[in-house]
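Chain naming follows the written order as A, B, C, D and E, and within any one chain the residues start at number 1.
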Amino acid sequence: MSAWFDFAIEHLPYVLLGVPTTLGLWVSAMTIGAMLGLVLAWARIYGNRPIYVIATIYVEIFRGTPMLVQMFFIYLGLPEIGIVFDPLTAAVIAIGLNTAAYQAEYLRGAVRSVPMGQMTAARALGMGKFQGFVNIILPQALRRVIPQWSNEAILELKYTSIAYAIGVTEITARAEKIGYETFQFFEVFLLIAAIYVVMTSIVAQLLLLLEKKVSVPGL
Amino acid sequence: MIFETLLSQMPYLVHGLTVAIGLLVCLLSLGLALGLVLAILEVYGHWTLRLVCVLFERVFRGIPAIVLLLLFYYGVTDYIEMGSFTAAVLALGLRSAAYQSQIFRGAFLSVPNGQMMAARAMGMNKLQAIRDIIIPQALRMSIGPWTNEFSSELKATSLAYVIGVVELTRQAKYIISNTQGNILVVFGVVALMYFVVNRAGNWALYRLENRLSLPGFEHRGDA
Amino acid sequence: QAETLTAGVEAAFPPWAYVEDGKYKGIAIDAMRAIAKDQGLEVKFKDLPWPSLIPALVKGRIDLLVTGLNVTPERAKALDFTIPWWENDDEILVPKDSDKNLITAMCCGATIGAQGGATQFKWLEDNLASNDKVGVTLRGYEDYVTAIADMLAGRLDAVVTSTDTAEDFIAKGRPIKIVGTIQQNQPQALAVQKGDPKKLLGKINAGIMNIYKSGQWAEIVHSYAPQSTIRDIPTSMPAYVDTYQGDIPGYTK
Amino acid sequence: MLLRVENIHKSYGAAEILKGVSFDMAPGQSKVIMGPSGTGKSTLLRCINHLTPPDKGRIFVDGEELTAKNLNTMRQKVAFVFQDFNLFTHLRTVENVAIGPRKLRGFGKKAALDLAYKELERVGLSDRADAYPAELSGGQQQRASIARALAMEPKLILFDEPTSALDPELTGEVVSVMNKLASEGMTMLVVSHEIGFARKAADEIIFMEGGKIIEQGPPSQIFNAPQQDRTRAFLNVIEHGDDA
Amino acid sequence: MLLRVENIHKSYGAAEILKGVSFDMAPGQSKVIMGPSGTGKSTLLRCINHLTPPDKGRIFVDGEELTAKNLNTMRQKVAFVFQDFNLFTHLRTVENVAIGPRKLRGFGKKAALDLAYKELERVGLSDRADAYPAELSGGQQQRASIARALAMEPKLILFDEPTSALDPELTGEVVSVMNKLASEGMTMLVVSHEIGFARKAADEIIFMEGGKIIEQGPPSQIFNAPQQDRTRAFLNVIEHGDDA
């Protein structure tokens, strides 16, 4: 164990240089996912038939196939029709589009769990459907969705490592490189585990704080 | 050319898929049984038990799946002899248990308090009430969220290659490296296979949900 | 009844080891089978991806590592190498229709790809990327197939791989060409657990020499890589490998 | 007439729930609708502000017909108080009251809050302005929802069983607020079985059964000398809590 | 005595809710507990079968003291009917009634169902035996939950505001079932403000306030000549639906 500590301390700085990339990737992808997820959720709840169908197909495909494959299609497939992204952008887009499908479903569930009376009351005041959604339903749904959203955020934080497959040097890529050089792969994996557990715990704690901060009695 | 190769290698891809499905079934079953126990302990257990459950859940949800697989295959096997597949079932199954415990916990908490009270007031002890009253209701409510877990674990099986389980993705990798290319075509086919299994699984689960659905367990109407 | 050895391979690494029609194939596979036969050993193969092979060997989940494994000082500290049976150089690859040459592909704003942990990557890093005057960007990949695909998509100017890998890519019809060779004389060998607890080195070394001398080795190599020149075994034996010093088990000069 | 309800019909699937209901209300009047469960009282109320659009028949408020087009502006004139309050869970009491003026009546933030405080005072809730709905008792929640309705400065308020989710004593709080509004001249149409309120504040009792108005008149007449057997039987039940 | 309640105390945190309540019930008696909201009526009822264990004081049923040990068997003698029914959502009506005999009283499947049908008939619900709780009206749900209690063949049934979640007319259904049980000699302890039931079926009214019994006696005395001002004020509110 103490041998591992020596190993970890020696190589930690090099691996930690990947943290900004990992976090940047994660934040950008989650942001894209949240915005697109909101649109998709709206489309799946309130959209007319064609819009509903399109959104549903999107969600099915992005949830039904591995994210790695999606990323390869964006990174290596799109250039064939002339769209070329650099690896980091491609990774952000791939993870963002994927998490959007999941976030859309969580949000949809949360919207549906807001009691119907809330919308009825908003409509009775004279609000339109959209006004009611924005002013009444959404603020409640967003609060309800935080726990699931936290799960998703933490999951995605760990998933950012697949960006390595298209040449983004984030934490995992750096750690594995140390593995190839020292051949101490097992120690390297323990190191990765430790770093991710620390990062995910911090993120989980922060999101818990957010949840407390915006919580309202009765929601 | 690549399509001929794909065609000739299809039996091996299909075999890889059956390995993936086998792994999926085993890990989900382990996750279900253990997840249910964890959820019950977390909701109704003594605080020490709750603490243990929370710790378990934190650890198994915090560590990336690949790392868990390696830790099990190369760490735990120092103490217990097991092959790649068993190690994969244990690593991914325990991880799934952590996730499933959260699904079930949510479902337990959403069973109205009065149900437990009514059962207890009748003279049922806590275990009887959980078994006969709470679980039948909670399980019905869990099917929806459980489909998500099904989908994500199906895709997680593809990670088991790191400890030598030759499943679908690894078989695909063989074709890619043998032809030194064709990443998109081969992965496209693989994605399609995952998609089909995922749809079939979800279809079955939704059917189950419908068959088990009772008046009073429908979703609340859309806003 | 001989004990069955488990040989770990990365079976997505042609021409050394790969799986086709559900069967293990490749130079390393056939050679290992021949060695086992020669030495009266039973051998079975287990496919494990690169990052998993080393822990597997260290933890004794496999008995030896049979794959295109470069001999390096760091690795020599973690493993015991058999006598080297191969030597590699590195090739500089560009797309077939590229007008890049050895110089323009490797300097002055070029972006070069290599497998993240491979010796090529380390060499490029130490010799080109760390030198500001050269001005190249280095990019690491999880595997070479992706690096080549990325080069063909236009994001890389060149990819550097070992000679055998480069030849395999060309043989499989990828639209790429070699514009230069980096003379490395990089030896490759099999490996066993550090300290050789199962006393395998002697048998494997002897087996390597026997199949080499009998001409089986050349036959096997040529059946997978017809163009390859067969070098004398053992190839160069670097001084930093302790199992190459003094009396080498199973090997007499 | 402030409100004219003209021949309202409404079916759900094959079941005709409302079978042609008509009545008028003059400004300042209070009317109470009574009748057995399932008779269509709630449906009628929801038809009046098109929360449930009627299949046939017309609604006029202040002389203007309610249509799909002018729905949202007309609803601002016709407030609704629900049986189960339906306060906006994520907003504090005062924000619940202020949101209408703010989002729908073009009030500034400050003006909307001022108005909200004023209306909360009117229902005796100023001290609970900063609480969230979940922190209020049932009676307080219902009074807050009345304040929310008042803040729209409506011509007419519709109440659907505003006290039936409340304890006997909490009911008292709400009924006294409603009595006060009636005496201040607010026009109110109330579905309720609160005899106390009906006797004291109603100008007219409308007794419904099977989707129709079967009897209507001043409380004194309906309570003391109902014309219909059905009315008499029903009043017997609710006045004496006994199986008739 | 069938039930002896001896000096029950119960606090939640710093607040003492029950401050020493004692009374007895003979077999076949019906008693009604009344009192303002928050006074501890529900808490008292829940203390009697230890759904909320009391802090101090003892409960005897049929001469045997209720303890943590004999809890589950004693609860089978003391059935509980909840305000909001709490029927088991996932079971059909008849299964709701049969589950107690089946799981707790050792009945076979057939015998339990037979008993369940018998009890459903007793509350007039045989025709809804196969419906799920969500498909029943409130009054039907409460009658089913009474049948569920009866199927345990208890010595005593505790009712906590069994009609307060119901419409006036649905209340009638339930009250008439309760009247019937009382006349059949079932021992019942009922928290309720149903004057109709209290007058007709109760042997004694217990009036509680602030965690204590402040007045008790036969209905004729309590309703016609209450001794305490507080009792009088309270009865005034619930009898006339008016703010006292």
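Quick note on the criterion: contacts are C-beta pairs under 8 Å (C-beta built on N, C-alpha and C of every residue); 3 or more make two chains touch, one makes a residue touch a chain.
Everything quoted here is computed from the prediction, not taken from an experiment.
Engineer: Check every other chain and keep only those touching both chain B and chain D; list them.
Structural biologist: Shared contacts of chain B and chain D: A, E.
Engineer: Which neighbours do chain A and chain E have in common?
Structural biologist: Joint contacts, listed by label: B, D.
Engineer: Return the chain whose centre of C-alpha atoms lies at maximal distance from the corresponding centre of chain A.
Structural biologist: Max centre-to-centre separation from chain A belongs to E.
Engineer: What is the distance, in whole Å, between the centres of chain A and chain D, each centre taken as the mean of its C-alpha atoms?
Structural biologist: 46
Engineer: Any idea how many Å lie between the Cα centroids of chain A and chain C?
Structural biologist: 38
Engineer: Centroid of chain B to centroid of chain E, CA atoms only: how many Å?
Structural biologist: Inter-chain centre distance comes to 45 Å.
Engineer: Compute the distance, rounded to whole Å, between the mean C-alpha positions of chain A and chain B.
Structural biologist: 20
Engineer: Give me the residue numbers in chain A that touch at least two other chains, ranges are fine.
Structural biologist: 76, 115, 118, 185-186, 189
Engineer: Would you pick out the residues of chain C that each touch at least 2 other chains?
Structural biologist: 51-52, 55, 58-59, 146, 149
Engineer: What is the complete set of touching chain pairs?
Structural biologist: A-B, A-C, A-D, B-C, B-E, D-E
Engineer: Contact residues on chain B for chain E in the complex?
Structural biologist: Against chain E, the touching part of chain B is residues 112, 114-115, 117-125, 128, 132-133, 136-137, 140, 214-217.
Engineer: How about chain B: which of its residues touch chain A in the complex?
Structural biologist: 58-59, 61-67, 70-71, 74-75, 102, 144, 148, 151-152, 155, 158, 169, 183-184, 187-188, 190-192, 194-195, 198-199, 219-223
Engineer: Quick one: which bits of chain A touch chain D in the complex? Just the residue numbers, please.
Structural biologist: Per the stated touch rule, the residues are 115, 117-118, 120-128, 131, 135-136, 139-140, 143, 216-219.
Engineer: Write out the stretch or stretches of chain D touching chain A in their complex.
Structural biologist: Within the complex, chain D touches chain A at residues 49, 51, 72-76, 79-80, 82, 84, 86-90, 99-100, 103-104, 132-135, 148, 152.
Engineer: Which positions of chain E touch chain D when the two form their complex?
Structural biologist: Its residues touching chain D are 36-37, 137, 164, 167-173, 175-176, 179, 193-197, 200, 234, 237-238, 240-244.
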